[in-house]
Amino acid sequence: MINKIYRSAAEAVEGIFDGATIMISGFGEAGSPIELIHALIDQGAKDLTIVSNNTGSGHVGLAALIENKRVRKMICSFPRTANSTVFPELYRKGEIELELVPQGTLAERIRSGGAGIPAFYTPTSYGTPLAEGKETREFNGTMYVMEHAIRADFSLVKCKSADRYGNLIYNKTARNFGPIMCTAAETAIVQAKEIVEPGEIDPEIVVTPGIFVKRVVEISNPLEESQLVKEGRSYPW
Amino acid sequence: MINKIYRSAAEAVEGIFDGATIMISGFGEAGSPIELIHALIDQGAKDLTIVSNNTGSGHVGLAALIENKRVRKMICSFPRTANSTVFPELYRKGEIELELVPQGTLAERIRSGGAGIPAFYTPTSYGTPLAEGKETREFNGTMYVMEHAIRADFSLVKCKSADRYGNLIYNKTARNFGPIMCTAAETAIVQAKEIVEPGEIDPEIVVTPGIFVKRVVEISNPLEESQLVKEGRSYPW
Amino acid sequence: MVDKSIKGWSRNEMAQKVALDIQDGAYVNLGIGMPELVADFVPEDREFIYHTENGLLGMGPAPKEGEEDPELINAGKKPVTAIAGASFFHHADSFTMIRGKHIDVCVLGAMQVAENGDLANWSTGEPHAIPAVGGAMDLVAGVKTIYVITQHTTKEGEFKIVKECTYPLTGQKVVDRIYTDLAVIDVKEEGLFVKELGPGITFEYLQEKTGAKLNQY
Amino acid sequence: MVDKSIKGWSRNEMAQKVALDIQDGAYVNLGIGMPELVADFVPEDREFIYHTENGLLGMGPAPKEGEEDPELINAGKKPVTAIAGASFFHHADSFTMIRGKHIDVCVLGAMQVAENGDLANWSTGEPHAIPAVGGAMDLVAGVKTIYVITQHTTKEGEFKIVKECTYPLTGQKVVDRIYTDLAVIDVKEEGLFVKELGPGITFEYLQEKTGAKLNQY
């Protein structure tokens, strides 16, 4: 019987290795898999390349992973947000690398990684500093930039409901990067607010088909990042 | 008030012009918008380029459009199926053009057309006759073929439910090319089995957001292509 | 310094001008900050559908206090609501809407706009700044019509409408129209054309406050 | 002509051999025709998830008579069912599964297989044939493991396993293993290796029926 359910976040992140590339879902705190990230901090893998839209806030979740010096390089579109101090400090000190990618190009590079498309052309960033050093090409009178797919060894994703096959549905704008990150990783690891029986998620409304997911763990009461930031908490507690 | 609802299939296909490129959803009969196609036959536009996975069967729907000499060129992956005689006969006589595209490449070219991606690389068809004359390129030791986006002037699509904003959901494997074809046309025209009030389709399960759809018409009892073929019917009746 | 005796338009008036220029039924993406004000001035006989690039079409107004959902937010990471007829989708689909030219109008702020429509609004290029681009480059590359809403000059009185941008570009030749406190200016192939002057603003005064040549229709 | 006194495997036995070589939990795409038989021989302690490229993961067996739904079909356009835990999706997402190397095994028929793994299974290249490729080229380019199931020779006794394909290719160097009525043959960098001989089949007999050099492990 296919059963992708893991008993704990700690078990779900087993095998993540030093130097791995990891995609982390979320747009700000919405969709950020905070329990998986904390389990990854406990697990100890370092020298990581993280692909995520932001760099976390306060001293929990992704910001804590960075603060604990596990991250060599960030690939993201918007590394500074409200209450985001950890990344900017390390970046100014030259202690962390940044590859800045326009948000839509980031999404399409991830989607391409999952879809077996090694490269594509986009009008985004043409003529700007973010296109410097990149191939450009004209199609039908418009100039485009060639961009390469991104793939990851692991993805850490948060969703609303999952079943033992790895089928997922999400909650509102917490969906964001989750579905495409599941497709682009060798091993997609997902925390779900609830695990349900196969068939309870109508086949018509599945957002991430189980084929894209390797591990699922139920985290029924996930922490709220903004609440922890407000309380001034730091991970590890 | 935004209202994309049209009163009849005839009104919904108004303005389709001679020489237009039209995408038609469906995989065989599943998802084929037969009432819209028949309305297009009545409407009279000719010299069309049709993008569709197959070429229709019997003498109704897409096969009837072809039989009535409205189609200059087919872009498809599988032009012969059971009960498909119209296209093969015209093709052998040299009276219709064919651009044969692998099914996944067809899907990705349409998806790219809708997503503002002019071209991409795919491993599919490398080293085969379908890659002849196309640019190839190596990425990470594997060879790929460059493929261009396809866009259309119109798409004719069948779905299950729609609202006045053009939000759509589909039925089972009749979904197939519908969602991507809506994105890739200037004017996506959709026949729905039912039109519902905004909000009746849960925002979490919308498959085609209304932004991709221009016209919607309710066809509550669509004809079944296979039934018509069995009965030996021909359109126009 | 800006001459305080010169009136011009208020921020709300600027936003209202933008709203009046958007057609009924338009799909609209509003940038963070002053662009968000546009939603307060939609004429009663028009319906706009708001897109937010983090995965919602049919964004509604801010929720009542106490009804905020941290998983229902806009691109500025502020709580929002969803209208009846909204839809949620993932980021690749969201930028299909943007890059694929499905969105009709995007209203953005600016650091600089050049006379050829070049826009700079994401970075001052200072060596110690943390660069952050978000979806701005995708929006200007993909949305059909780009409206910029901005004060005509910086607080220090420096030109924001210039011959050539000195800040790093967000996109080349992308801006269609500029709404400032002093004027509405069309960006055309042939240059900048003043569509409307603010209350009490003369063409000559406007030209003085502008770092590029202005034309009259 | 095929010597009728030589026994070899039946179609069902061939399909069973394929099924035994697929791991528990595998995502599997079965081509039209003989490959479909594989689903009848899944060992009891294994669960395969079937993908059909027209937009269904978790395809179940054919429905009972009278319960067919023309909008629930497989790639061969035959009525099927969906298991609990299935999902429907559009064509671009379906081929993300294929091209993105998410599907573990594809079982396909063949017109010709070359000793280097080249596969021809979509066209005889005859001038008046209607070419039709469907998803075959995407499957062989994207699926991790490609198994071919085919009679060892054509009805006319012509070689199907050859030094070089004469028919138009479906893909280059894509086949991993060939299951015929006479043998199971691995396609390796160094050439074709006989993994198993059918009942009553000798290596010499097999070589006679094969248009490329066979190797013994």
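Chains: A, B, C and D, in written order; residue numbering restarts at 1 for each.
The criterion applied here is as follows: a residue touches a chain if its C-beta (ideal position, glycine included) is under 8 Å from a C-beta of that chain, and two chains touch if they have at least 3 such contacts.
Keep in mind that this is a model prediction, so the values were computed, not measured.
Between subunit A and subunit D, the least number of touching-chain steps is 1. Between the contact lists of subunit A and subunit C, the overlap consists of B. Taking B-D and B-C together, the pair of chains sharing more C-beta contacts is B-D.
Chain geometry summary: the mean Cα position of subunit B and that of subunit D are 29 Å apart. We define each chain's centre as the mean of its Cα atoms; on that basis subunit C and subunit D are separated by 56 Å.
One inter-chain figure worth recording: subunit A and subunit B are separated by 34 Å, centre to centre, where each centre is the mean of the chain's CA atoms. Annotation for subunit C: residues 56, 82, 88-89, 92, 95, 98-99, 141-142 touch two or more other chains. Multi-chain contact residues of subunit B, defined as those touching 2 or more other chains: 108, 111, 115-117, 122-123, 170-172, 203-204. Chain contacts here follow an irregular pattern that is not a line, a ring, a star or a complete set.
Which chains touch which is summed up as A-B, A-C, A-D, B-C, B-D.
By the touch criterion given at the top, residues 52-56, 69-73, 77, 82, 88-92, 94-95, 98-99, 118, 123, 125, 128, 130-138, 141-142, 168-172 of subunit C touch subunit A in their complex. For subunit D in complex with subunit A, the touching residues are 24-25, 27, 47, 49, 51, 56-58, 82-89, 92-93, 95-103, 141-142.
Interface residues of subunit A, counted against subunit D in their complex, comprise 1-2, 111, 113-117, 163-165, 167, 183, 197-199, 203-204, 206, 209-212. Of all residues in subunit A, those touching subunit C in their complex are 27-31, 53, 77-82, 87-88, 91-92, 98, 100-108, 110-111, 122-130, 170-180, 207, 224-226.
Those residues of subunit A lying in contact with subunit B across their complex are 108, 112, 115-123, 139-140, 142, 144, 148, 169-172, 203-205.
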